[in-house]
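As written, the chains take the letters A, B, C, D and E, and residue 1 is the first residue of each chain.
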């Protein structure tokens, strides 16, 4: 297995090999975006019983190229009110980090390249996954700055919404990685892939069952959460709120109406999709390792072959994005945030503790009593809190329903106060009516602090 | 090699310090304080490398968490006063003087 | 340190491309002046004047940002713990349970104070 | 990287007082989250008081059981004699302050409401209350406990922040004079964060110098490491700035009057007593344990700082017209006196012990008196809140002789008149300083006390010898808590002033072993 | 029987009792009774005092604060005994004299009398303390009741005067505190007991510094020129009763302290500084007298005469002869009586007319002969007319000084002449001459006031002719003191006991 790279194998490349690899990644991503756009449009059309692009080139294959050229040749509008520097920089800031995340994605094992033995991966770090998260965070700056620099209401709101959404889902995403690190014991992408080579065995009833090696099996809750957050993180349907046409026009890029600046946003979005897919593959699907039937062939995991497996996995992951986009409607913003904060995060934390407890139980010298009691306390506590929340929420819902019901009753009786069936135009809106009881409750009034 | 990082850290710290003293916008002052904390982090990490132990990196974690707590509380306070005063200038905060 | 050099290479490449594309955009396209075109887009109505510096926005976003910081910090501590879990053993587990429970207490507080609700 | 990690061991029993306080704070947050609004205060108050009392009992139990001679928690926290004494002091003072804090009328109903706005009126009508005050106070107290016990600079920094952050918030919660209160919070926050950045950078430099943030190791490195003196000196200086800021020593005293004035008075009481005690504990530990070998270098600087602090505190206090500001400047001056004790280190253990025990005694004495004084400030009211302007206090001696008499007594204790606790506090410090040859400092201290006496006496003159204004402030009937606070403080001031021996013995025993290293 | 503690205890309990009495009149009577009980007890104690016995008698010593080496140690020698007697005699008189004083303002009457009794306890304590620290504590704590008495019940400028009084004394006290601490540290005995500390400081330079610390405090207290400026204000603004105690007793603590502490603890320094102190005293004698002549306010005038008299006392203390020392001690007692009488009588006058300016009076003799008569007696005692007790003491001081320092003694004699001018001139302006319109209807002394003045006049006369009982008590103590300073009289002491006869 000496062709499986470890951290020690990185950092020895001469500069020119690094440049070759970097250019290769760059070209791969550019082409990937071109093809990705086409694939998505084509795929989604077929799912919706349409043809999709079919004019430019065979099967419309050149459609993306044509679009790109069109964008380059359109007028570059710089609205009068924008903050020029930020407006100019935002597309750059959003595009560059998108590419960077790919530098730690492992494409394959060690290969010979122009007489050098080198891993098929631009570089690896002890904290590689953090780099991915970091670049994603920097991308948020681009979004916020684009909205901010545009200085138009839609753009600002879109930018902020997008930022809020991305950071919210980034937490859930970051938490979903924890279980993986718990298993792998490292943050280095190449080592995580290496750890997924074999899953060890589970001893159940005296039988040695070979455990599945991909973390997607053993850490399925993590993967599910990750799968959801990667949609949120990339602002894809069903979480594409920042550019919800219905409410915010184009969101943060409303003022980037055409031209190559808009192309940068487009590019960044697709590259981000590729990045999160690649991370999903690396962390949960064994990276470049061949899937089970293929892995029986010894050569499958050596030489240049793994790049193929990786590419196929990427295509499938991208297909998943398209599939989701074709199938699901957009969620409401409050639902989106509530889902991220109130479901994904607590579930994630609970899962981490559970996973850690299991892992601790399997440690030879561990004191099981302590671990189990901790587990019990945590579970009981969580259950108690959940129950309390449940009853409180229930009560709240009922109270709200009752209040609405009462309001309706009242309005039905006094149509003049803004009620049903049709309020007269000159009647004050019923929110403006102050109940008499409230008006007279000033008995307990005291000097407010505004007076001193 | 590490000297450069130390110089950088000192510079950042100085910029932050001067910023606190000369800037008038509470948010900017506050950001300058955060800059100072980050300068500290840089120094810690550099020294960790220089001393060959990991303590400094560890401390950087704690500093981050503290800085985060400071951000949360600081922003809360500044936003409150901003809502009251419609201004975030430290100069406007002038009821208290001796 | 060489581990980071390739990243710089890729960054230079990407930045070069991005800056190049954004910079040439004004020269490749036509220029046809139209006042309405240069206004901020607001679905056709007269654009709302925006103050310099972006103006105001709902406080809600600030709260989200604060919450993000809190949890991001939690993640900072979870990662090293996860990586070193084998070596920390039960002690690590106990401490992390305490830590997470503490954060969850704050989380419950925020939840109950409707810090997580959007309207 | 892949070396084995020794799983650390933590002496939970030793840290129990701190853990109890933090645990109660966390439970307090849960109460906030889950208890219905009308029950919250009713749960918080016993919870807070019981946890403080319990922590105190634990601290006492530990002291009785025998003071450990090794730092706990892998050298991070030192639970030694002085630390236990300081813990006890802080816990009692916090307990007393909580009795003041329990009068929720001092706190704003809704901090987020803009002063004078409809929301604020609404919150008044609803009788909204920020019961979060209790957990915040507990967190602050927990930080105060940890700060003087921190045996490495990182723990000290974290404790410093844990102590300060809740206080920043609490400062902004005054019900009356909201603008002032918010300003105080902003100022305290910005300056506090600024100073903690200094503390941190100092820590970083010392870490660079010694390769460790452990105080004992830093002290060892003082002699061993050569060639990096610049790091050492700048680091020690910056560390000093951070610490001196917290105790409000000149020239870093600017925040104190503003903050004391703006903060809700019960919180001011907590800060003036607890924070000062904690900060001095930490200052002592850092300078004696961590930089003990460097004393020839820092002592002259502290000399200057102490002089400046005493003089500035005493002189600027004269110009004050706000009672809380005046007390704040008085606190600055007292900080200066306490600094004399820090400087008064000698060559022998006995001399150090006497300086330390004097300081500990002073902290106890001053803490009680100052809490009592602020408690009285809360009771003198104008229609718009507390009667803050000194002129409003005119003739109070006639209107309410008992209250004015007690306040005058506290002021005399501040001034250090014999038969009050303040006198023996000062005496203990001065004696230690004289024994260590810091005679000039003592003389300046005496002059400063004389100047300080002037403004205390001025208030007494105002209260007793001036005629009351027609529309003078009213003295509210104190709640049971406030009355208890005043009673306890007065009692402590008398008892410590007439028969200080038991507390002196205690302080002496605590100081006997000095700080563990 | 722990006499001294009992005395203080009775006073303090009395003070507490007064605050509990609801009725003002009852409170006054109660105070009077308490002060008389204290007086009786003191007399009972004094009778048991054996002049030639131990130096300190009725000693009680208990640990108070072992950590600081502080004891609760009280005892009396002859000097302290006569001063305590002076205090306890003056207190009932003052109580009686101030019967209506406290009612002028709308201040609490009970508080006034309560403070008076507290002050009495402190005065006994300060003279009886044999522990330096305890002495200091009483020395400082004594200020507080006096401060409130001046500030709350005094004249128009009372708060200014009270603050000035307090700050001066406090400042001096703090200097003394430094010296006390230094004394403790340098002596290294771990105790504050006076008897243990005597003779421990050998180094002369150290002695000088410590001497200065103590001396300045005492000089302020005494008050010695140039530290006297607070006295005229305080004495003029204080109510008559408080002024009596202030000038009559409190200020004696200063001279008492010089005699007891400055001389015995720092003999070498005392000798070194003697020329300086004598110079200050002489200046004070002349200066006080001259300024007194120029006063238009009677109370201030008396205050300045006191400055002059304290010059005499200090002169006597530092002349370091038995005769001068005993004279000075005797002077302290006599001055208490004579100045006390003056203040009280002026107080009665002021109470009647409502003004303390000399110009507002004239010819009072005709409308109020008893008042004028007692005023004359008191005045004459102030100028040391032979036959009155002050003469004995002044004469002893002057002769004692003359034995050692001729020139100062001669200059000081000028003070005697000046004293005649200011007293007689004041008497002439107020009592003689045509009766002023405003004083025509002044009533003479009533019974109560007569009871106030009578004992004082009697004491002045008795001790004027027969000071022996006092001197018998004082002489051994002074000798003992001087022997511990290790000075001997230049020539065989004049048989002082017969001096005044």
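One rule holds in what follows: a residue touches a chain if its C-beta (ideal position, glycine included) is under 8 Å from a C-beta of that chain, and two chains touch if they have at least 3 such contacts.
Keep in mind that this is a model prediction, so the values were computed, not measured.
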Each chain counted as touching chain D and chain E at once: none
Chain occupying the most central position, where position means C-alpha average: D
Chain of greatest Cα-centre distance to chain C: E
Maximum centroid distance from chain D, chain identifier (CA atoms): A
Between C-D and A-C, the pair with more C-beta contacts: A-C
Chain A and chain E, separation of their C-alpha mean positions in angstrom: 91
Centre-of-Cα separation between chain B and chain A, whole angstrom: 31
Between chain D and chain C, distance of the C-alpha-averaged centres to the nearest whole Å: 39
For chain B paired with chain E, centre-to-centre distance based on mean C-alpha positions, whole Å: 65
Multi-partner residues of chain B (each touching 2 or more other chains): 76
Of all residues in chain A, the ones touching two or more other chains: 385
Residues within chain E bordering two or more other chains: none
Chain C to chain A touching residues, read off their complex: 1-7, 9-11, 13-15, 17-19, 21-22, 24-26, 28-32, 37-43, 47-48, 50, 54-55, 57-58, 61, 64-65, 67-68, 71-72, 75, 78-79, 82-86, 89-90, 93-94, 96-97, 100-101, 103-104, 107-108, 111-112, 116-119
Touching residues (chain side chain B, partner chain D) in the complex: 6, 9, 13, 16-17, 20, 26, 29-30, 33, 36-37, 39-40, 43-44, 46-47, 50-51, 53, 55-56, 59, 62-63, 66, 69-70, 73-74, 76-78, 80-81, 83-85, 90, 93, 95-96, 98
Chain C contact footprint on chain A (complex, rising order): 10-13, 15, 18-19, 21-23, 25-26, 72-82, 88, 91-92, 95-96, 98-100, 102-103, 122-125, 130-131, 148, 150-157, 160, 163-164, 167-168, 170-171, 174-175, 177-179, 181-182, 185-187, 249, 254-255, 257, 259-261, 263-264, 333-334, 337-338, 341-342, 345-346, 349, 352-353, 356-357, 359-360, 363, 365-367, 370-371, 374, 378, 381, 385, 389, 392
Of chain D, residues touching chain E in the complex: 357, 397-398, 401, 412, 415-419, 423-424, 427-428, 430-431, 434-435, 439, 442-443, 446-447, 449-450, 453-454, 457-458, 460-461, 464-466, 499-501, 504-505, 508
Complex contact set, residues of chain E against chain D: 63-68, 106-108, 111, 136-141, 143-144, 147-148, 151-152, 158-159, 162-163, 166-167, 170-171, 174-175, 177-178, 181-182, 184-185
